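Both of the next two complexes hold subunit A, though its partner changes from subunit B to subunit C.
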Partner chain A sequence: MENFLEQIAELLEVDVVNEADELKSFEAWDSLTILSIIAMANENYGVVLNAAEINGANTIAGLWSLIESKKA
Partner chain B sequence: MEKYVLVTGASSGIGKSVAISLSENYPVILHGRNLDRLNEVKNICSLHNKCLVWQEDLVQVEKLEEHLQHFLLENEVIIEGYVHCAGLMKMLPLRSQSLINIQETFNTNVVSAMLITKVLSSKKWNKGGLRSIVYISSNISNRGAKAFNVYASSKGALDAFMRSMAVELAPNVRVNSILPGAVFTDMTMDIFANKEVEERMKATYPLGFGHPQDIADGVNFLLSEKARWITGQQLVIDGGRTVDITG
Partner chain C sequence: MDLLFKNKKITGILTVLPSREVHFEEEMGNYNFSTAKSLKLKMAMGYNKHRIVDEGVCVSDLCCHGLEHLFQQGKLKREDIDALILVTQSPDYFMPPTSNVIQGKMGLKQDMICMDINQGCAGFVLGLIQAFMLLEQPTVRKVVLLNADVLSRKVSKRDRNSNPLIGDGASITIVERTEENSTIWGTIKMDGSRADALMIPAGGFRQPSTSETAEMHEDINGNFRSLDNLVMKGDEVFNFVQVEVPPMIDELLERASVEKNRVDYYMFHQPNRFMLQKLADKLEIPREKMPNNIVENFGNSSGATIPTNITFNIGEKLEKQEMQLCLSGFGVGLTWAALLLRMGKLDFCQTINF
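Now for the complex of A and B:
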């Protein structure tokens, strides 16, 4: 999870993120960031996400759970 | 020696449709990375003409010239038409692009087209047999859009190369490109999977979305004698997408 937090922080253009942070609260949250998350999840975790699923994840922790659930 | 048309990226999408369509009129060489998928396309191609398969990964360009030279010699063929359909597209904002993505996209979309053109326009390797080239570009080539940074610039490079080759290889070889808009293929499936994006795009295509066969029809025309006085041109086939400035 530590790696994941670092990767997400980089995509959101902030130094650190917390599990409880809401995705929509970040200034960099937009359709381009969602594209970056789709690519990152595919390359690093081998899972395929779509935009609706990512928006539905709500928080950083929710996004991690989504990726974990797809890996299973 | 029999004359063929080479179609790169023939195992899926636009390349597959182009190859199947051309096989009605020409012996074809199907190029792709995956042999099983290429053989599946070969089975769909017309039985009226011969069909060969060339397996090569265009991301790896170091030995591409050598491999193509070997293929021409081994199969004793001359290539009179070349259609470059192979393409790689990763939609990402620039901040998420990597050097590897950039290199793989340019190798597949531009560098391989340059090296294949070099071999096919060589008297030594192709006996001066080349007559027509069609590069599959994209309607993003002359435009701009978010997340298309690397892909768009690769297609712009391909079109710039096309114009120079049209001059350099005249009068023996005609060189043109086709700029498709969004057509339903495996490569664009992810875009169409997003309902919101699909609806937005639908509203901006006066003739609706296209299909790979629409592009294949353009390729057939540009390869044929009916296009004998056309070279160095971008043929936009995009259902009117790029001329629509309706507010």
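Now for the complex of A and C:
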């Protein structure tokens, strides 16, 4: 998960993110960031996410559980 | 679906692009986003400039301009055209077929076949498949495949999702029989259950255009478009391409017993640079072997992107030498298709302006 936090911080253009942070609260949150997350999840974790699922994950922790649930 | 074609070859490709060039920055003010966010999008996707037709220009205008050029240069004879296939999603009319209109305007013979095909991003591959099948007829010696679209006329200028990448254009591809013992390997797949991923909702018979379908609405991402406009589910299209295209290419090469590094170039449809880079990485192909610079220079002109990619990036080489190419188109339908073929020593392989 540590790697994931680093990767997601980079995509959100901040130094660090916390698990409880809300995705929509980030300045960089937009449709392009969502697409970058889709690409990152596919490349690094081999899972396929869509925009609605990512929006529905709400927080950083939620996004991680979403990826974990798809890996199973 | 696996396909196989014998003794067919492409002998010339001409791309016709509108001369009007629009830069990303000129249109940035139309979008509901900060300048910083728009520039980030430009960087990531590889947007820069695109070619857009002037108001009122139709696909038949682009096609006739290109055909006239070939007649005048002595590269094509009117009487040699046995079939004219036009692949487009922006025809001049619902009826008659635009290919018949072009035949009439160009004064071609009556003893021939004209055919419109409704296809988009996979339209070059599908058009070639149709051309190869027509060439099975002994009386069909030369097929002219036209891929043309002016979809900028259907894209909302306030849609950051589609407007920066759309381009207009046409291509003319000559397909003939050959005595050389050549094999072209092909594959095509369709999934109409995902037909709404890329569509123009209104303007057909299901939902005719009215003043209501022309009303602009804002979507959850802040883009404005009407039901008369083209709409694309960007995330679904991205996932579709990354999931479906790599295994299709792997299977095609395996069937043909051609190793990945034996293919000189992977000339793919051009949705945007980002998607093509991810595709090359997933296929474990060096990014240089899959050119991705068409959207930043000309825009995505649907079925004309593969020929534009060919004439712009490897046109000169293909006039002199032969190469092993893998072509692939994917998008609207949904449709995904690929061909593996040797191409080269073409009579012409150029780009001209309209």
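Criterion: the second predicted complex is superposed on the first by the 72 of 72 C-alpha atoms of A that agree within 3 Å, B and C clash if a C-alpha of one lies under 4 Å from a C-alpha of the other, contacts with A are read in each partner's own complex, and residues count from 1 in each chain.
Simple rule for what comes next: a residue touches a chain if its C-beta (ideal position, glycine included) is under 8 Å from a C-beta of that chain, and two chains touch if they have at least 3 such contacts.
Keep in mind that what you see is a predicted model, and the values were worked out from it rather than measured.
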Just checking: does A:Leu32 make contact with subunit B only, subunit C only, both, or neither of them? Give me first, second, both or neither. both
May I ask you to decide whether A:Asn50 touches subunit B, subunit C, both, or neither, giving the answer as first, second, both or neither? both
Thinking of the overlay built on chain A, is A:Met1 touched by subunit B (first), by subunit C (second), by both, or by neither? neither
Would you sort A:Val16 into first (subunit B), second (subunit C), both or neither based on which partner it touches? neither
After lining up the shared chain so the two structures overlap, which partner does A:Asn42 touch, if you call subunit B first and subunit C second: first, second, both or neither? second
Which residues of subunit A are in contact with subunit B in one complex and with subunit C in the other? 31-32, 35-36, 38-39, 50-51
How about subunit B: which of its residues touch subunit A in the complex? 90-93, 95-96, 146-147, 190, 193-194, 196
Which of the residues in subunit A end up touching subunit B in this complex? 11, 13, 31-33, 35-36, 38-40, 50-52
Write out the stretch or stretches of subunit A touching subunit C in their complex. 30-32, 34-36, 38-39, 42-43, 48-51
In their complex, what parts of subunit C are in touch with subunit A? 33, 37, 40-41, 44-45, 160-161, 221, 234-236, 238-239, 242-243, 274, 278, 281-282
